[in-house]
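Reviewing the structure listed below.
Labels for the chains are A, B, C, D, E and F, by order of writing; each one numbers its residues from 1.
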Amino acid sequence: MFETIFVDAANWLRNLLISINLSPFVVEVFLHVVKMVVILVFVLLNVMWLVYMERKVSARFQCRVGPDRNGPYGLAQIFNDVAKLISKEMILPTHVNKKMYLLAPILIFAPPMAILAVTPMGEGMAAVDLNLGLYYFVAIAGINTVVVWMAGWSSNNKYSLVGGMRAVAQMVSYEIPLLLALVGVIVLTGTLNLNGIVDAQKSAWLIFTQPLAFFIYFIAAMAEANRAPFDLVEGESEIISGPYTEYSGMGFAFFFLAEYANLLVMAIMTTTLFLGGWLAPFGWTFIPSWLWFIIKVYFVIWVVMWMRWTFPRIRIDHLMNLAWKFLVPLAIANIFVTGLAKYFIGI
Amino acid sequence: MGEFIAFIILAVCLLGSALLVVTLRDIVHAVLCLILVFFSVAGIFILLNADFLAVVQILVYAGGVSIMVVFGVMTVQRTQIQRSNSANSRFLVAIPVVFGTFLVAAITAARNIWTPANVPVPENDIKHLAPILLDNYVIPFEAAAILLTVAMTGALLLVKEVKDSGNKS
Amino acid sequence: MDLRQEVYTLNLGPQHPSTHGVFRVLLTLDGETVVDATSVPGYLHRGIEKIVEDRTYAQVIPYTDRLDYLAGMLMNWGYVLAVEKLAGIEVPERAEYIRVIVGELSRIASHQIAVGSMASDLGGLTGFIYNFRDREYILDLLEMLSGSRMTFSFMRIGGVASDITDEFIGKTREFIDYFPKNGIEEYNNFITGNEIFQARSKNIAVVSREKALDMSLSGPVLRASGVAHDLRKVRPYSVYPHFDFDVPVGENGDSFDRYYLHILEMEQSLRIIEQALDNLPDGPIMAKVSRNFKPPVGEAYAEVESSKGILGVYVVSDGTTKPYRVHFRRPSFINLGHFDEMIKGWKIADVIAVLASLDIVLGEVDC
Amino acid sequence: MATSLNPTYFIFLSAALFAIGVYGVIAKKNIIAVLVSIEMMLAAVNINLVAFNKFFTPEAFIGQIFAIFVVTVAAVEIGLGLALAIALVRKRGTTNLDDFDWLKW
Amino acid sequence: MVNQNKDLLAKIAARHPQVEIAENGQIHVPVNHLVDFMRDLRDNFGFNYLTNLTATDYKDYMTVVYNPCIAEQAEMLHIIVKIDRDNPQVPSMVPIWGGANWQEREVYDLLGVVFTGHPDLRRILLDSDWEGHPLRKDYEWETYREK
Amino acid sequence: MYGKGLLKGLKVSLGWFLRKNVTENYPDEMPNLPDAFHGNPIFDYDKCIACNLCVTACPNRVITLETETVAKKKVVTAYNFNMQYCLFCGFCQEACRPGAIRFGKDFELTKYKREDIKIKFVKPEQVEKKKQEVLQAAAEKEAAQKAAEAAEKSEAKATEKPKAKAVKKPAEAGAATPNNNMEES
């Protein structure tokens, strides 16, 4: 019953709408709007939870307690944070490029939302079952760069500018190993459809058949999502807050939350592509598929946080060297090996 | 009907942002509008059942080319950015030329009687594209790859050489 | 037209998360590479040297705490040593031992900040927190003795303010047992051994032996360049000749050596404390110093090895109850003088790392 | 597939986009604006190609293949064009195309 | 710390008759002989490390104090130079010991001693438009402490 | 091997993730402070003998002490402790032989108003009471010993007078020279 709860809900809604004699076109449009709203709510809830989780997890790693003053276990801290950020003034410094400065925080949420629309979060639970899902993910992930650059450039602050430049350099460089690592996945699964990729992992998760690709993908995705040790874009000990230095109030809140939205997207894609998506390990199907998905996603997020609170930040030239001199050749070798294996063994 | 509405929306979006690209005073804003143009084109492609091309459009143009242009603007533009995209005196010539081009194309298109082959574009177009691209057109494909490599090398050389001579002066 | 147009200046500070206080560096950058740098200190200048001209000799002591507030004991020590030398006061041996114990504890606490801030400035905040966790033990110990956690004002001209108790000795021994295993080893595993950390600090901003001597650098910054110049060994003061310890010396003079010496020195400090606790003599803790203390006319200059380097105190007396002139030779100040040379040609991120490896305290730099 | 759309719409659209691009190429002072306009013209061409592909040879995919090559060429063009622009600007310190009126540099 | 090595002091006294060595080991050097003396200390006596440099205002004259020492050895000298208070000028030690750079700037800032030949003699701790030199004894200032 | 250090670091932080936190829940668990702690200043009016030693010992001129001579005995009429300038060095506590001024363990010394931080320890009624007591004691003493001990009285006078003089002088000098150019950051 729990297994299909969301699919059933969608079908019920569709049947309801059809039963009141709406045209199929209108029904589909309405259903998509509903799905978008659900994804929006899903992202916002997760992001708010992630803010709290990061604070708690980092506290645990640093032998502290973390927020525990507001509500039980400090859970009300989430709402207090958001309320504080909303109620603060969004300062508009004098020499900013106004249109871009105000547009950037609005646009920053678009790419993660767009990606989440195609990810299957449970059996048959993708808002849009896109044939080119994986390719689409790569394409949309690149858009983020522009928005971060907009924020950095329009702020008219040198720290922001340096941050924006770093964002562009880092994200463009890591797009390439990311893409190349995914080629191995595509070769093995023979599909670009995310549902298809999950289905193809029924025998063995791709993390076991493509460990190298997973390694490259994981590093590149962390760099794409600006997570430590690749958080050079923010690099709070060097360039204050990078592109977000000048933002305050809501503007800052949007960037701050988008950071976690990107983390969520990164974890979701890792889960989908390498950890078997919503598939239940050991045949434990008594836990619904979407719950398995959430568990895996949060495990990935926890690992990322673990790394963030352990490692120091890498330097920009090391970062570039890592991408171009280490990850790209490794990814190409991986493609080659995968291709050979596929050709000769025919996995 | 739905397709028509989508077409109208996309066309308005496309032409509007394209006009903004050539009229906005600030080159950076113009480039951001260019990204909107590319997204609209991608939308048109989806309308034309070319999903793969739409994603290529986003990946190459919106993700790659626009970033390159943005970078170009940043390295090139040193004076005030507000008036960086002004028109020169030739716009008086340009307007008749533009209208001429448009009219010729429009009239030719309107006079022609199209007989569309009423066959739907196959789903999952990438499965059909790949064999054509890698069997029938493998030589142009490789040529394109070489072209890209040559262009990249050339671009690097151009930028680097000037940097060296700049150091000397 | 030349490429100089691509160079831009960046004001790093005075309000910046990683300048350890209020300190400004005017960076001229080409992309992310530092072309030129100018240090601008002075944002925390409180005029302590002027203030203390209007205080009696004893009243100066709380002000010295505020120089290097991370190692207040050593700052106290430098000052009282100079005054004792000026007035020719013999300090009882027990007081000297207590001074050594609290001084070395203070040195460990200060080095922990150096190690931790190096980690946090490279982006690993957790290393910083781990250092603070263990520093708490030392602060508790010193608090038990002096009543304050940072600005101790514990030393007096001719001795120390209070005697150490058995409870203090017991807890210090506990700390000596605890620290090498749980503290130092953990820092080595967590910070020193980390490859990213090493890549960020090894071979960065190398200072040659000659340059280090020429620029009058001192403390771990000097010793990282291979100069074994530790006043506790080369010109021993107090009861340091009684103790057996080593002076760790770096090889390359890079950021990593400067950082790693702090950890090695913590181990040596622990050794000294252990020996001092074992050989603690009985006796008074204060020499006879009159309440209306007036040293003879003259001047004296005394140096101690503080956690940041050589702290020199120059005191001139005109025979009244107030010092005529007090000058502090602050190690951070002089170490920072070489900073702009060190960071040339490195990236912005390295500027932060090098500043952290210099281990400055702005209260001391600006005096 | 009876669609309410027919090729004329797309030809009109691409003609309009192409015309805007032509205007940009002729009238813009800034070298980067000109490059951007050329990109728009190429996009207009692509729309045409894909539209013809859909309406006339849906199963041969000739139009889409051609569009892919156009995308490649466009990427090459913008890359080289920007490199040239940067080189020129470094040499001459201006982005104004009207100032590039010498034959050697 | 004043050096106790009598041999060294005797050697210095023999080489430089102009300097005057007090009983407690403090060395008084005339200003015009300072550069030669210091250079000789560094080159021939091995004093390669200037730990301290400061000055004092004595109302009718000023002294500049130098404490050079030898790295990894115990020797340290206490050198006092007496200068005119109205026209306080001393040759800069930066060419001999680079470490004098910021210390001389500090002394200039707080006491107004001009170090001739210093590469970059600007105020270091105080604002560049600050008036007067605070550590001079006749410096007047307002108190900001509320009553 | 490359990566070994990274794994070691991960191991350390994971260890702390699984362990109990070492921090204290501060407002719930108050820190266990040693007796020597320098917290809030506490003044015991009855113990104060108005010797002025704390005033002279204080490096930052935090304490002002006002006295009034009632029946040849000094009565403290005001003991003001300007805590915003206090360095918590404990010199006043050390100087005070009778233990009238000392530091407690309360370290939460923030105040809402600037005036609140200038502590006025002596209340007028205390002064009045003390004055009455002194007068009464003096009267009693006078009544009891008026005829008898003339020599003792002169001796007391001799010891008390120069002491008061010596104490007062530096305080005056301190007030006369304007010196505090300190903007503590």
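Here is the rule we use: a residue touches a chain if its C-beta (ideal position, glycine included) is under 8 Å from a C-beta of that chain, and two chains touch if they have at least 3 such contacts.
No experiment lies behind these values; they were computed from the predicted model shown.
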Point to revise | Any chain in contact with chain E as well as chain F | key: C
**Study point:** Of all other chains, the one whose Cα centre sits farthest from chain F
**Key:** D
Study note, to complete from the structure: Farthest chain from chain A by C-alpha centroid distance is chain E
Study note, to complete from the structure: Set A-B beside A-F; more C-beta pairs touch across A-B
Practice item. With chain centres taken as the means of their Cα atoms, state the distance from chain D to chain F in Å. Key: 82
**Study point:** chain D and chain E, separation of their C-alpha mean positions in angstrom
**Key:** 73
Check your understanding: Centre to centre, by mean C-alpha position, how many angstrom separate chain C and chain D?
Key -> 64
Exercise for review: Determine the centre-to-centre distance between chain C and chain F, using the mean Cα coordinates as centres, and give it in whole Å.
Suggested key: 31
Exercise for review: Find every residue in chain B that makes contact with two or more other chains and list them.
Suggested key: 1, 52, 56, 64, 71, 78, 163, 166
Check your understanding: For chain F, what residues touch not just one other chain but two or more?
Key -> 6, 9, 12-13, 16, 22, 179-183
Study note, to complete from the structure: The positions of chain E in contact with two or more other chains are none
Study note, to complete from the structure: Per the touch rule, the chain E residues reaching chain C in their complex are 1-2, 24, 26, 48-52, 54, 56-57, 65, 67, 71-74, 76, 78, 97-103, 106, 110, 123-127, 134-135, 139
Review point. Quick one: in the complex, what on chain F touches chain A?
Key: 6, 9-10, 12-14, 16-17, 19, 21-23, 25
**Study point:** Residues of chain C that touch chain F when the two form their complex
**Key:** 44, 46-47, 50-51, 54-55, 58-63, 65, 126, 130, 133, 143-148, 151, 153, 161-162, 186, 189-191, 193-198
Review point. Which of the residues in chain A come into contact with chain B in the complex?
Key: 25, 29, 97, 99-100, 130-132, 135-136, 138-140, 142-143, 145-146, 149-150, 153, 165, 168, 172, 175, 192
Point to revise | Of chain A, residues touching chain F in the complex | key: 57, 59-65, 68, 306-307, 309-311
